[in-house]
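Per-chain numbering from 1; labels A, B, C and D assigned in written order.
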Amino acid sequence: MSQTIPVPSVPAPDIIRCAYMEIVVTDLKKSRDFYVGVLDLQVTEEDETTVYLRSMEEFIHHNLVLRQGPVAAVSAFSYRVRSPEEVDAAEAYFRELGCRVERKKNGFVRGIGDSVRVQDPLGFPYEFFYDVEHVERLAWRYDLYSPGALVRLDHFNQVTPDVPKAVDYMENLGFKVTEDIQDAEGTVYASWMRRKSTVHDTAMTGGDGPRMHHVAFATHEKHNILAICDKLGALRLSDTIERGPGRHGVSNAFYLYLRDPDGHRIEIYTQDYYTGDPDNPRVTWDVHDNQRRDWWGNPVVPSWYTDASTVLDLDGNPVSLTQRTDDSEMDVTIGADGFSYTRREDATTDVDEHSGAGDGEDEFKLGHQL
Amino acid sequence: MSQTIPVPSVPAPDIIRCAYMEIVVTDLKKSRDFYVGVLDLQVTEEDETTVYLRSMEEFIHHNLVLRQGPVAAVSAFSYRVRSPEEVDAAEAYFRELGCRVERKKNGFVRGIGDSVRVQDPLGFPYEFFYDVEHVERLAWRYDLYSPGALVRLDHFNQVTPDVPKAVDYMENLGFKVTEDIQDAEGTVYASWMRRKSTVHDTAMTGGDGPRMHHVAFATHEKHNILAICDKLGALRLSDTIERGPGRHGVSNAFYLYLRDPDGHRIEIYTQDYYTGDPDNPRVTWDVHDNQRRDWWGNPVVPSWYTDASTVLDLDGNPVSLTQRTDDSEMDVTIGADGFSYTRREDATTDVDEHSGAGDGEDEFKLGHQL
Amino acid sequence: MSQTIPVPSVPAPDIIRCAYMEIVVTDLKKSRDFYVGVLDLQVTEEDETTVYLRSMEEFIHHNLVLRQGPVAAVSAFSYRVRSPEEVDAAEAYFRELGCRVERKKNGFVRGIGDSVRVQDPLGFPYEFFYDVEHVERLAWRYDLYSPGALVRLDHFNQVTPDVPKAVDYMENLGFKVTEDIQDAEGTVYASWMRRKSTVHDTAMTGGDGPRMHHVAFATHEKHNILAICDKLGALRLSDTIERGPGRHGVSNAFYLYLRDPDGHRIEIYTQDYYTGDPDNPRVTWDVHDNQRRDWWGNPVVPSWYTDASTVLDLDGNPVSLTQRTDDSEMDVTIGADGFSYTRREDATTDVDEHSGAGDGEDEFKLGHQL
Amino acid sequence: MSQTIPVPSVPAPDIIRCAYMEIVVTDLKKSRDFYVGVLDLQVTEEDETTVYLRSMEEFIHHNLVLRQGPVAAVSAFSYRVRSPEEVDAAEAYFRELGCRVERKKNGFVRGIGDSVRVQDPLGFPYEFFYDVEHVERLAWRYDLYSPGALVRLDHFNQVTPDVPKAVDYMENLGFKVTEDIQDAEGTVYASWMRRKSTVHDTAMTGGDGPRMHHVAFATHEKHNILAICDKLGALRLSDTIERGPGRHGVSNAFYLYLRDPDGHRIEIYTQDYYTGDPDNPRVTWDVHDNQRRDWWGNPVVPSWYTDASTVLDLDGNPVSLTQRTDDSEMDVTIGADGFSYTRREDATTDVDEHSGAGDGEDEFKLGHQL
């Protein structure tokens, strides 16, 4: 497959966590209505072209930047590093990789100081910073909580054509794989990787890339996620619910996927598990296990596999896509050419016929869908 | 359409509530594993051919009877009446209707005394009783609660071809309509009716009938329903989840539909609203409103519309079906001939094209499904 | 003890449910801030002296009326009856009892039509009405729900010196006892009574009376009640929390008691059980059972026993109190003269010494409190 | 104050997290009934004298060891370090501190390999290990979850007379303070410190020490904690509930304190916040702020301040206590000599009189307690 990304001679920056995403939206008012009016993210500050938003438990300036622009896209996946020196380390690391690198002492966005932005070897606009304005952590401000309050930025999810190549690159950058989806032949369909002690700070999902699959915010409890759905129904915006709510197999978290007014995908997520031990056991899921992406076996809608957001290079131009050449998870699991099983022993019988979900009982779950 | 059911000259029996359902299962051990081992219903008593089950807050002998038999079916929808005399009233009422009526002073099943069973004018095996053995109400026995504990029998749901005819008959029997689904032409697709002060004791769903659509048990909270899904996943029984979990539009309740080992449909249900005032406002939903059956706009799987359980006559023989001649809810809402809208204003534009969900945003919810 | 209240020759009115309470508050703005700003009750309408509030699932005009006045008090416990004729029945019933009775065709408050108000034989201002303005049932308006949304008026609670006398009177009025607290000598300390199918529409609590002990609103789930506490903490109003949150023994409900700016006690309540069967088993609790009022054995604060609101007669004057002569629940359960047990077998050993909670393990729960 | 603990010249071991506690219980069967039968911790293995328990999401051998012994006590606070070499680092570090140090290549308990145990400068039996037997992470085993399932060991809490001295020592050992309780004069009453990215791995609570204040396990959601209370009520063990449930001010977590059959204190805890950034803001609470330990202002029972478990030295003998000479948090906050305020502005008025909670409204919360 494609060439491996080399390992720089200099150490990788010490990344603490995914910190914020900057997205370009085509109608700022509409997007603000969605993120503030519907999802109740807190506005740290805003002006005519930009809104800076944070979750209830955050103490840094923002977790999400909405910027008015001509084409819906993602302009930064931003990570916080452990110290000011680690921004230097990031700059050196990506320069050695031969990437396009930009450094701004005063930051690319408000509230953030000295930062480096790169177009990484996979094509994604990554940012690294330490210096940041502290703002009030609203954790105790229960007078401001809504029924579906978002309390933390949890993770990013990226679409890339060659998952093993991406994982190799991310491991060199200091990430650890916690879970992945593979098949018996060793094809890797997706991989979850962490810096902080949760299941992930970002995941690599196989597909034409680079694209942004989703950005995820955490709630305290599952009922908070259900409350978001209920509110969307009340606002007659239920068609912004793309998938879920449900329980993931991978990560064991409770989830919901929404699509914002530009189609950017937002996950609402709660209750994965602690992964901070160095020997935290990796969980590998069989791509044909029908409970891997939804523990309850509810179908993944095709758009969830096919749609993702454009990412921008450092000049603000859309990055062109490279096609995935490995098998597609959607193709191998649903439809005429795929199969999925609820019980492994059922799979072995069904494999020859590639019928999977076609037997009586679970027709209502899969067979009738496509 | 079909002839109206006459109103007897004698008063209708004073029904308190739906009390239990008796179902025939083809493999008692398997069914017991499902209802007791998975759903944690409490066994009041059992023998080689029958298991008597109740929910945590029940004080009468049972809410569900599983009886071993050759063909999966329903042998009784059983209601409790207000006094022993009301059993006489029930007998007189259905005799005047010309129905087949059986009376047993010692009851048709254990734990229940003087009862009358009828094959009602719609073809359903209805039972009425007052006398019942009291057993321990386990409401305070939190040492016995499981994460998904079922606390009450909530309602039945019946499939019948002519909903207005069925509603008319049920209103005469003393039921009150709380909600229904109609279209602009006045076709009634389903109707919810109560005796106790909840949204329903039973509902009439349009389709070939008489058949049993589902029997529903209540939990205390929404997370209890999610816990049942999680457990089914852990047991690799996620393919028993037919639909949900989700929020109903009709009833405003949180729901989940399961299929037992014989395919009998069980709903798990929580948090509808008080309906006990005589002028409780009826809610009529437009059949094309995509949030009527799932407030979050998640699709109803076709099997949910098409599948239902056979009911038995008083001799234990399957009752033959009468076809629905009115429009089918499934046909008018999904697929090439149907349409659904999330916002009423969107509907008016789309009607001509019968495309409904076919516009951009919500394709992932509906357009790709069928 | 005191004389029994006679049974009128005319039938009692057919009461459906407790419907609203009218309370007099001394600072309307402060009270509005509490009920609307903190508890998020919905304003149906308001003017300079009066605020009409309802819960999320209500369809009648209001469940609570705040009226500006000189002295904090309760001016009406209002019940809805089944039909206009039942208002006549109420008038006749209380006239025969020799009570002061007032009838207003246009109602005593906005939104309510033909009503009768009486000062009942126990001294309480009771109202009965059928005619009421319907307003939007906000049950589906999840855009308006707060984390602690109140969804129904659940019940009243009244303080009266002679509980058996009060129960006898209420049973004649058509109420049914669901639970009570007694001791081995047959002293009745409190009794819960229902019309609708919950544990109560009102309760009679032994003490100097007539006074209003509390009015209770229901939430959907337990976390809603916790959210109210969290919000009160955030607003630095935690000292309005008088007792709880906790689980009741009686009623099995989850509860919280607040005190409004005038000291009126509000209960927030969720998840009692269905009581609608005529032979619903009555639960009698031993007054010395330390789990009767809090299933977790957490202490009842003395103010909860001693404080209650003044009630007004039909001229708006405070009703003078009659002292309780039976034992006081507080006295017999806590402090030097009382005892409580967690396990009945412990009680029998401890009774002689009246030490109850004085043995090692549970000192932290009771022994140190008083 | 007492002498500062010196800083060794060798680096502190790289601690990942609190991993398990070993406690001595006087009746193993009774303790097993409590931790397994009531709290549903999972048994990894057991023999006649020892039971090894873990939480649902744990993958190392155990989080709690119950060992039969003559006197209730704690024999180890055990931390996991990042690598085998860090066990060497721990040994060197504490040897330089002049502590009693023991090293066992095969571990002090089953399932754990090479370990070092020390009696640390504060007198506590601390253990450090890396090598551990992996066992099944039961996170996805929802068939095993109970309504109150414990999913993680969260933290320890230690009683020590001189909190600033202890904090200084812990900071040198690599811990970071996240929150503390102080007064205007700078007296420190308690301090919370973390290695993993939660509010704490351990806390130092001022009092006669060394003693173990509590060990805490996490649940997923708040209702899980309520379910434990409900179950204790059903088992007539409500007198094992010492304090709570409630919301902490410090940590913002929802909590419950239980006492096991030997009086060892167990906290059940959920929903604190992410603290993993190096500049995570420290929160300092005023000792007179009545919401610091319970956000809802519910009183802390005196036993919670006064009781704690004996700790053992490396020979298994109880470590003798050093008295706290700084002010006691209980004394300065409750009773005749203390004061607490709900609103800071109220405090300034009340300080002179030392009456604090003595004014009208909140008497029911504090004034009547002591």
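Things worth noting here:
Heads up, the rule we're going with is that a contact is a pair of C-beta atoms (placed from the backbone, for glycine too) under 8 Å apart; a residue touches a chain by one contact, two chains touch by 3 or more.
If you're wondering where the values come from, they're calculated on a predicted model, not measured in any experiment.
Contact with chain C and chain D alike is made by A, B. Relative to chain A, the chain whose mean Cα position lies farthest away is C. Averaging C-alpha coordinates per chain places the centre of chain B 35 Å away from that of chain C.
Taking each chain's centre as the mean of its C-alpha atoms, chain B lies 50 Å from chain D. For this pair, chain A with chain B, the centres built from the Cα atoms lie 40 Å apart. Contact with two or more other chains is made by residues 140, 221-223, 230, 233, 249, 295 of chain D. Taken together, the touching pairs cover every possible pairing of the chains. Those residues of chain D that touch chain C in the shared complex are 221-223, 226, 229-230, 232-233, 236-243, 245, 247, 249, 254, 259, 263, 290-291, 295-298, 301-304, 307, 342-343, 357, 361-365, 368-370. Remark: chain A residues 16-17, 57, 59-60, 80, 82-83, 134, 137, 139-140, 151-152, 196-197, 220-222, 249, 252, 271, 273-274, 276-281, 295 touch chain D in the complex. Across the complex, chain C is touched by residues 140-147, 149, 221, 223, 227, 230-231, 233-235 of chain A.
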